[in-house]
Amino acid sequence: MFSLAGIFPPVVTPFQKEELAPKRLADNLEKWNKYDLAGYLVLGSNGENVMLTDQESLQVVETAVKNTPKDKKIIVGAGRESTRNTLNFIREVSRIGGDAVLLVTPHYYKDDMKEASILKYYQEVAEDVSLPVILYNVPKFTGLEIPVRVIARLSQHPNIIGIKDSSGNLTYQQSILSLRLKDFQLLTGSANTLMAGLMMGAVGGILALANIAPRQCIQIYQHVLNKEFELARKLQLEVIRLNQLTTGIYGIGGLKYALDQAGFYGGLPRSPLRSPDETGQQEIDTELKKFGII
Amino acid sequence: MFSLAGIFPPVVTPFQKEELAPKRLADNLEKWNKYDLAGYLVLGSNGENVMLTDQESLQVVETAVKNTPKDKKIIVGAGRESTRNTLNFIREVSRIGGDAVLLVTPHYYKDDMKEASILKYYQEVAEDVSLPVILYNVPKFTGLEIPVRVIARLSQHPNIIGIKDSSGNLTYQQSILSLRLKDFQLLTGSANTLMAGLMMGAVGGILALANIAPRQCIQIYQHVLNKEFELARKLQLEVIRLNQLTTGIYGIGGLKYALDQAGFYGGLPRSPLRSPDETGQQEIDTELKKFGII
Amino acid sequence: MFSLAGIFPPVVTPFQKEELAPKRLADNLEKWNKYDLAGYLVLGSNGENVMLTDQESLQVVETAVKNTPKDKKIIVGAGRESTRNTLNFIREVSRIGGDAVLLVTPHYYKDDMKEASILKYYQEVAEDVSLPVILYNVPKFTGLEIPVRVIARLSQHPNIIGIKDSSGNLTYQQSILSLRLKDFQLLTGSANTLMAGLMMGAVGGILALANIAPRQCIQIYQHVLNKEFELARKLQLEVIRLNQLTTGIYGIGGLKYALDQAGFYGGLPRSPLRSPDETGQQEIDTELKKFGII
Amino acid sequence: MFSLAGIFPPVVTPFQKEELAPKRLADNLEKWNKYDLAGYLVLGSNGENVMLTDQESLQVVETAVKNTPKDKKIIVGAGRESTRNTLNFIREVSRIGGDAVLLVTPHYYKDDMKEASILKYYQEVAEDVSLPVILYNVPKFTGLEIPVRVIARLSQHPNIIGIKDSSGNLTYQQSILSLRLKDFQLLTGSANTLMAGLMMGAVGGILALANIAPRQCIQIYQHVLNKEFELARKLQLEVIRLNQLTTGIYGIGGLKYALDQAGFYGGLPRSPLRSPDETGQQEIDTELKKFGII
């Protein structure tokens, strides 16, 4: 079975003057490759996937495939609003060499995405692709939550291997875990719930924070594996603020700013997203210094 | 000035076995052309714009341009998450011959779309296009509301000519109208608020219901213009239920089903959207019969 | 039948140094009595009913009964979380001489207040009281909406004579009106939807704004009755901002401040509610001056 | 310092034919006293505090004081919408012999309860009482969240000793814990987050589930204290479903039904709250049997 254990950064997509900058992505990957990361998510929410053309998206996948060693996995964000567009895109991803796909719930027509439609979408896609499929629950972007009983049904499909939950809702994660679904893995989608998620049964995490602080994320993961809970807890509480600044509070602009400070290439997000103002930059600097990242 | 007065159906995009069916759209347009409609919105939310490729989207615009008489306007839904993709798409629309564009607020990164980002998006686009721009406020899909004071500032741009408000929130519409913004027109985005919106100062409406009941929508509009308020009110209250069934309750699947019953081509929405079940079909039939549409 | 036609201010409850000040209420009523108001709502949301003891609440009712001429009605806010407490309180109101009661939906246990529980509450109360009962739908305070089909059933009870809707959601109001319920009256609960509500079939309004601007509220009402729609519309759009400042933006503290400026007694709301700061006071002053109220 | 360590059931308030039944409460307490519970919360949300008169509330406190051994603490839910009513009620609680008070955020006027008002409420109360004060954050009932920085400031007051957080939001709890506030304790307010909360630094929990399954709640607590994490995790995942059925899904009616099955007195909640229907009863029975509770 395709293992999702470990830490995956959802890598940012670099731009230079609004143009996709694959060379910069390659440079970042070279640096991340030195850490004990399980692999990468490209074209996730933090990868500004909704800001790209399909052609650019495929360039990102190609760059990742070319610059990632074989022992690290490449998960590709590949969800689209229609089953048809999703399938077309996955076909290209598969051809280029992605290892698995992460599928956000179609969500533009929120009121229409009742249980039956969510089920239909994932089943139709899973039926028609060969790559392993990971569900993606992210209410803060979609305004929807994949119901636990839909997950239970979808978990029975051999191509559906797990879920990334970015709700931050531990009860939701525990509801899934309490079903002890066969061959179905849970990835926590926020550094805030990393330790607790792992304690309860998650196998790893796809964490924005792992872009800028891969070492710290891996340490929390290893501490939990080694049953060094006091060390894990200390570090977990320490990273909360940096994580909030570079996700919720200043968003992708904040994450990219922090990357620039941390020795990676961040650059600007695509317009209309914006960089943090000076106050925000100082708040982020303060946190980065605490960890010796700058 | 580009007038938005009158009734515009946000036309559905027909598919046959999931393939775009431009011929069917042409047939529908031919039928709608017989009514005293001000024009059409193509590629709006009801046009399943998020389910299409850019190429298909342009085919829809071409079909509309070819099959619409000169005295009717073609507004094109052209909003994308990034300024860049929006501008690229509008360039094509402009080349093909759309008359104006309607731009939904970028919304995937909801927490990042604060006032400054919303302002930035619309200003950058308006600055760079020649077609008239209409703002599109639709919280039920975006989870966002364009703040009234952002509208006030945007209204000063010569290329920004109005707003379509689909919130159904009359207070919001009145807040805009009370500012008496110069050269800025309000279109109501729901048949439910047609009469009230017009009474308060809206110049017209882009109404899903006008796909299946153009005559009734135009009648309400005319009654208000003619100060026949009791007639307007009677009809307004009568259409509420049909409108709810073919928008909120059964969504685009319901609207397309009703079109099939009403002598147009509806067909199925793209998966994972679904058609109403038998109960839903009967509820819609019942309402259509009340108006003699079937 | 008990008519709800006309304008009712939901009168504020005056305090002096946090003590109930019935004399001040009497003075205010004396001033309001000079206007062509249909009556008063006491102990509504604007009456800080949740800040009072039951004993104080009854003092307010007594003061209102004593200081209101016979041709004006006294509606009393009498909703409690339990059927039992509601009934006990209504008994006292009835004894003292209130004319009708307005019952907010129990809402603390939101998830438990499904259709069946809402129906049960109102039916049990209506069954056991002699005073006319008015439903009160106010999602901004309760987090709940009384479903339209529950209203349809409740409207059949002879003691249930209408609903005050403060949702500002015109579609909701129209859904109710479109059912043409027998002997069931709709009151709009916000000055923002006064003209539109009346146009669609509401019989009147319970309007916070009528505390400070009774004349203007009555004028809108009269203009609609007289079919002077252009005059109504002009005034309607003018009052929006003052209404927003003294309800949503600065709440009861804002309303009470405005009363003090307008020649009534406002005073401070009970702690922890607060008065507007200086900026807020100036904003309110500016609007009051527009109407010549100060 | 007043320690909040351990498990506290928020005890239900028994009624017989809608009348308060203190004798039944005494009987329940006698049974709960046999468990290693840290004490009780009376008049919490599960105690139907909003359904009681003040007089009944005080009877509940008296009954608890009389029937609880000295080594167990009695926390009393004492929050009211106004500072004044809160202070008056706490005075009575203090006289009767409660050990600490738990204060829900005033919430009826949600829009007015900005940071300054929340701060003002708790500061004014803490300033004027001698009993230890515990903040109570419960967004599902109040529609509000006490901001973390308000908590930081309130924690400096010597009378404010901690917070019960029932949001189920682990990130929120961790944000509080990461501040390492002096002399400030966190209680988790849901059995769903018991293990994770304790792992991260909570000192205990006030758990509806502890009404019907005190043994299991205490076991999770003890396992975490003993660093038996695998045992804790197993039990934590097992109790999720029972907890959901007797809180969110069937509410207090479900909790009281389960109490009746588990050998305590539950009875009916006050109207309009309702008991679970037969399906609900069976679902609850199934879970109770899993634990040998019935």
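Which chain is which? They are A, B, C and D, in the order written, and residues in each are numbered from 1.
Following the convention adopted for this analysis, a contact is a pair of C-beta atoms (placed from the backbone, for glycine too) under 8 Å apart; a residue touches a chain by one contact, two chains touch by 3 or more.
For clarity, every value in this text was computed on a predicted model and none was experimentally measured.
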item: Chains contacting each of chain A and chain D, listed by label; value: none
item: For chain A placed onto chain C, the superposition rotation in degrees, Cα atoms, nearest 5; value: 180
item: Remotest chain, chain B as reference, centres from CA atoms; value: D
item: Between chain B and chain D, centroid-to-centroid distance (C-alpha), Å; value: 49
item: Length of the line joining the C-alpha centres of chain A and chain B, rounded to whole Å; value: 34
item: For chain C, residues that touch 2 or more chains besides their own; value: none
item: Graph class of chain-chain contacts, one of line, ring, star, complete, other; value: ring
item: Residues on chain C engaged by chain B in the complex (per definition of touch); value: 168-171, 174-175, 177-178, 190, 192-193, 195-196, 199-201, 227, 229, 233, 236-238, 240-241, 244
item: Chain C residues touching chain D - in the complex, by the definition given at the top; value: 18, 45, 48, 50-54, 81-85, 106, 108-113, 116-118, 120-121, 124, 140-141, 143, 248, 251-253, 270-274
